[in-house]
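Handing you a structure now.
Labels run A, B, C, D and E following the written order; every chain starts at residue 1.
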Amino acid sequence: MNILEVRGLRKAYGALKVTDDLDLTVREGTLHAIIGPNGAGKSTLIAQLSGQAGSDAGSVRFAGAEMMGQPMHRRVRAGMSRSFQITSILPGFTALENVAVAVQARAGHSFSFFAPVAGEAALNEAAMEALARVGIQDRAHVRAASLSHGEKRQLELAIALATRPRLLLLDEPLAGTSGQEAERLIGVMRALKGSLTLVLIEHDMDAVFALADRISVLVYGRIIATGSPAEIRGDPQVRAAYLGEETAGEEP
Amino acid sequence: MLKVEALQAAYGESRVLFDINLHVDRGEVVTLMGRNGMGKTTTVRTIFGLLRARGGWVQVDGTDLTNAAPHRIARAGLGLVPEGRQVFPTLDVRENLVAMARPGAWTMPRVLELFPRLGERLGHKGNQLSGGEQQMLAIGRALMTNPRLLVLDEATEGLAPLIRDEIWACLGALKAQGESILIIDKNVDALGRLADRHVVIEKGRTVWTGDSRALRDSPEITERFLHV
Amino acid sequence: QDDDTLTIGLLLTLSGPSAVLGEMARDGFQLAAEEIGDIGGMTTRIIVVDDELKPDVATNKARELVQRNGADIVVGPIFSNIMGAIAKPVVDSGAILISPNAGPSVFAGAECHRNIFATSYQNDQMHEVMGAYAQAQGFDNVFLLAPNYQAGKDALAGFRHSYEGGVAGEIFTQLGQLDYSAELAQIAAMQPDAVFAFMPGGMGVNLVRQYRQAGLETIPFLSAFTVDESTLPAQQDAAVSFLGGSNWAPDLDTPENKAFVEAYEAKFNQVPAVYAMQAYDAARLIDAAVREAGGVADRDALIAALEQAPFTSVRGDFSFGPNHFPIQDFYLTEVVKREDGKFATSIVEKIFEDYQDSYVGDCQMD
Amino acid sequence: MTSLFLLQLLNGVQFGILLFLIAAGLTLVFGIMDFVNLAHGVIYMVGAYLAVSFTQMTGSYGLGLLLTLPATLLIGLVLELLVFRRLYDRPHLDQVLATFGLVMIVTEGVQIIWGAAPLSVAMPEALSGSIPLIGQMRYPVFRLVVIGAGLATALGLYLIIGHTRIGMRLRAGATSRAMVSALGVDIHKLFTVIFAFGAMLAGFAGAMVAPILTVDPGMGEQVLILAFVVIVIGGIGSVRGAFAGALLVGIVDTMGRSFGPILLRLVMEPAAAGQAGRVLAPMLVYILMAAILAARPTGLFGQKT
Amino acid sequence: MSRLMTRRNAALLLFSGFALLPFVATMLGDSYLVVIATRILGFAIAALALDLILGYGGMVSFGHAAYVGIGAYSVAILSRAGITDLGAHLLAGIAGAVLFALVTGAISLRTRGIYFIMITLAFAQMAFFFFVSLSAYGGDDGVTLRARSTLLGRPLLEDDRTLYYVTLAILVALYLLAVAITRSRFGRVLTGARENPVRMQAIGFSPFRYQLTAFVISGAMASVAGVMLANQTGFVSPAFMNWHVSGELVVMVVLGGIGNLLGAVAGATIALLLEEWLGLLTEHWRLLFGLILVVIVLASRDGVSGLFRRRDRP
């Protein structure tokens, strides 16, 4: 079953067509990677899908329901979550609170004015779990602003996970994480596959080829190729536009 | 060119750097490696005077510049590509490039030749660029100051493989011209080919230094400190 | 409270753009106090307080004066909106309130009080003077200009009270307006017989100078509280020959006035305005009444003494009506440049003789 | 009627340019450097007072004006070194608190030095006339001079901010001070110089208006809010915006005052129209600002983020 | 945890100080102390209201005087209509404030930062000028209240001390309420929306609803301050709505330390006490006051409360 169906999506900044009549289908339970050169419109696509940015035309159907025109928070509640390429966290909150508030969003009842939230075990436990999953549980009580860049990237993913989405849109989750952390995050994504659907944007080709069930290549707002990792790797057009000979040649 | 010894630094009460030692000679490419949160960026910030050194010292060309004003350090010949891009959001691409430029071999046409994508976006504001475009701009901006020592903190984050390859090539060319480079990056393979020496830090201390061959020959180092 | 000290609180606006009025009143009062020595023959304590032209601050300052400092008499305020705020706390404590300037209609009429006196005038009267003058001149096309606040509305109403001719236009400008080009353009286009303006303080300075700069001086400029000794140092030549209505001018010919103006100018190196004069009179009124009543302990006696106005005002003829507001003469004044180079208003003619305000009928004093 | 309309339009433009002149220094310090400077108004006031004193001392308005410029520059320099430079990296509200304190100090200081009574500068003889405009209406020459000064300031600022490296560095420094210095520019010095320059612009405005407006201890506060309104309507960070905002405020205010009641009379009883006009007139500028911000939350020329 | 305890202790100390003040006044024979302290409590309520949205929601309202004014006018208007009960006055003030906050808040919340400051100022100015032209209630001259509000049908508040204690009780209650709100789930969302609204949307919140709710609560609280201040002053005029008052409230909050509800109370207390005390020292007290403000800002990053905290910055 297709959990996400995008038809005829468009967006332009002035004369610049960033998303140009784009079609995309993502099957439930798979990891669908989107790759493409810098400035191709990948992040913009995610912004459009998540509702952060408006679209000029087109349709976005998520689990059978039309999402076009819905604000971002409604789409999240419907089960679509995202992470940001340029880290977007609550800097004054601790890492734990960052995640706990995401758990709270899913739990509802946020118009409760009296009970202190800091002591709510259910929220904190779920949050801790998400932190542990990305490997920064020992940084739980550090102010997010004081985390190192890589740790922030890990937190970014933990927040997205904590909303318990059906479809997770990840914008370069591995950027800024070094060896061991990257390995761990790749492991997390692999484990998630199946229980939920992932759309992954990444410039780390090792990770993409290791994880993706399908890959779409986005260039200048258009998808020029979609296929299995092997098909994409062999596509000369993709090599020329994005991969370059060397990277494409390397076998994992 | 650059010499850092026994450097210590802290954010408020929490100490981050305890004992950092490294040096970059003229025409040398040195990498700074370590896992997330080990203090690489903090080292760079302290070298540039953006964070106060609580101990140790920083020398550029034999002059002590420990805790000097950042602009003095930059004027001594250091150019920074900071972590997280930090392009000027309200300036357009052209202004980002020329605002801080100093005369030298790197000029606007040359930067645009390296990053043709930027040429197509000259009128865009910094915050209207894609992540990768911002990264290119940050590198271009640092090159335009024509530094003798270029410091790159995760400068290839978010760049497409093709572009990344070009940057490695460009750094190679710089090195060939006798310029020095201090680089933090997670692409250890590519660095291994480019770099002369590697400095590994762990919890704010320099724990290993050696050349590429030594690194390749001692997998336990990469295993223990970098986990790759 | 000690029975043989007389505590007087001066509650005036001493900060902000209108501070000059309060300062003049303070100086006038203190000048009289120095001349007199022990006011009413009692040890005198004078406490000067700034109301900041904020009603809520003023109320508290008034309470502080009567509750903490035990003031027997409070002299103030300058501005009518402050009067409403301080009257109740002052009279509730049994103290006497003497206004050296503000004269809002409610206190002359419906809410008059036996503990409240004014040595000044009822606000409308100054405007009525100009209305009567315009009427007498046979003007039939007068342009009216005032800031859009209560006193401005009262001003134009006061003018119309004694002026029955036509009105070319009526504009309420913004409080604190800087630029009057638009209004002046309208006036220039209409060419009225005269302009009547109520523009106190800095607004008056702006208006008068811009009026002159726009070349409108051929149209007679009638005003109240717009050209007086507090604004003339800034208006200078621009205001010369502009007309105003007043209960006094520095050149009013009485011996007491001569002495007052001379002493004031010598001491403060500026020409006094009505505010100084009215406060000066207030001090002398207090002095005479306290002597008459033989102290301040017996408030009934003190009030009775005050009602007699047992002093010689620098204005000459002066008495209180049943509402404790003055019955006095009003004049048309004109701005002149004196021989010493200073600017002052000067009396042109007497418009009203022994004039009483029109609210006195509403006053039911028990 | 049409000639009056045109004249009022001119008056509106004139008032707008006057506002821009007053807001110019603030555009630089608040709009570009992103420093909330409530003290701008009082520096403008000090400029006017200095112009009064210098004019009296030298007997010439021109000399008075010329002396005011370096004097306010110096004041700006001193303030920057003593206070402002410690506040650039602080939250806006800290800047509000500190500059609020400065406002109190300077206002009181001015009263101590010059007294509370309004002062003024005599119009220089050569500029005191008026020239014929339409029909028998005339226009004061000095107003034209003020318009000229305002336009020149606008153009100068526009060029400096938008088209010089100084301007670029300044805009860059507003968002990323650390980065600017790490790339080799002495941001401290730059900010000091520009801040002092901004103070000088405020002083210039004060000296320019002294012959037409009253010089009193309230003059700074009065225009401060208006200056902020102008910049916010235009969009923070844009000289063009501030200029457009100033013109808009000037025109709407002037036209609203002169023709608002006439318009209201078309839809209401005359008495009610008069009443409504009186209620609405002082609100006009604020209604304008609220409406513009409701429609464009970052002002006319502001950055959308 | 220890931070919380000290916060609680500080609150206890401050409020019991206030509770004891009338006895001190009696001992000193200075009944005026109670008068001025009531005024301080009134402003403390308003500052507390502002800090709730400013400190926790990042909404710098430069128009909170409008709500104080709405509360004050509800006393004036109802009293004239013959309704003198304090409860009725409070309810009317709150109702008016809620309405005004809903409408203006919904529009203002489209903007952020300085723009928000200016648009809230704009709305407050509109309210100000509306009351200035309200001739029925004296325009800008205002109206004198014949008597204070009644409590249980009796003129209990005429006694300065009773008024003082009622105001204090209201302040303490509102303080506790505000503390509870900031620690609740709602409070966390509110703070999150201040930190990063886009992130909050991306985890499924619509910041607008939370911010508007907080804005309305704060407006209602400020109107309570207005009701009490009107009673304290015995006089109601548009001056309560003057932008100066909004500015002073912001100054109080920042002076006390932003996002620290007790700081707001302390800020109001310190600002008004300084004003009183310096006023006694010299006619030019403003000069000193300004100097003190500048020095405090330069010395501490967190208002007065920062002065007492151990420095943890380089």
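Operating definition for what follows: a residue touches a chain if its C-beta (ideal position, glycine included) is under 8 Å from a C-beta of that chain, and two chains touch if they have at least 3 such contacts.
Everything numeric in this text was worked out from a predicted model, so none of it was measured.
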Partner chains that chain B and chain E have in common: A, D
Shortest walk length in steps over touching chains, chain A through to chain E: 1
Of A-B and B-D, whichever chain pair has more C-beta contact pairs: A-B
Where chain A and chain C are represented by their mean Cα positions, the distance between them in whole Å: 74
Distance between chain centroids, defined by C-alpha means - chain D, chain E (Å): 31
Whole-Å gap separating chain C and chain D, where each centre is the average of the chain's CA atoms: 34
Shared interface positions of chain D, touching two or more other chains: 108, 278, 282
Where chain C touches two or more other chains, by residue: 14-15, 148, 175
Where chain E touches two or more other chains, by residue: 132-133, 286
Residues on chain E engaged by chain D in the complex (per definition of touch): 54, 60, 107, 110-115, 118-119, 121-123, 125-126, 129-130, 132-133, 243, 247, 250-251, 254-255, 258, 284, 286-287, 289-294, 296-298, 301, 303
Complex contact set, residues of chain D against chain E: 36, 83, 86-87, 90-94, 96-98, 100-109, 112, 225, 228-229, 232, 236, 275, 278-279, 282-283, 286-287, 289-290, 293-294, 297-299, 302
For the chain E and chain C complex, residues of the former touching the latter: 30-32, 35-36, 39, 132-133, 135, 138-145, 229, 233-235, 237, 239-240, 242, 244, 279, 283, 286
Of all residues in chain B, those that touch chain D in their complex: 48-50, 69-71, 73-75, 79-80, 82, 86, 88-91, 95-96, 98-100, 102, 125, 127, 141-142, 145
Contacting residues of chain A [partner chain E, same complex]: 50, 52, 71-73, 76-77, 81-82, 84, 88-93, 97, 100-102, 104-106, 109-118, 120, 159-160, 162-163
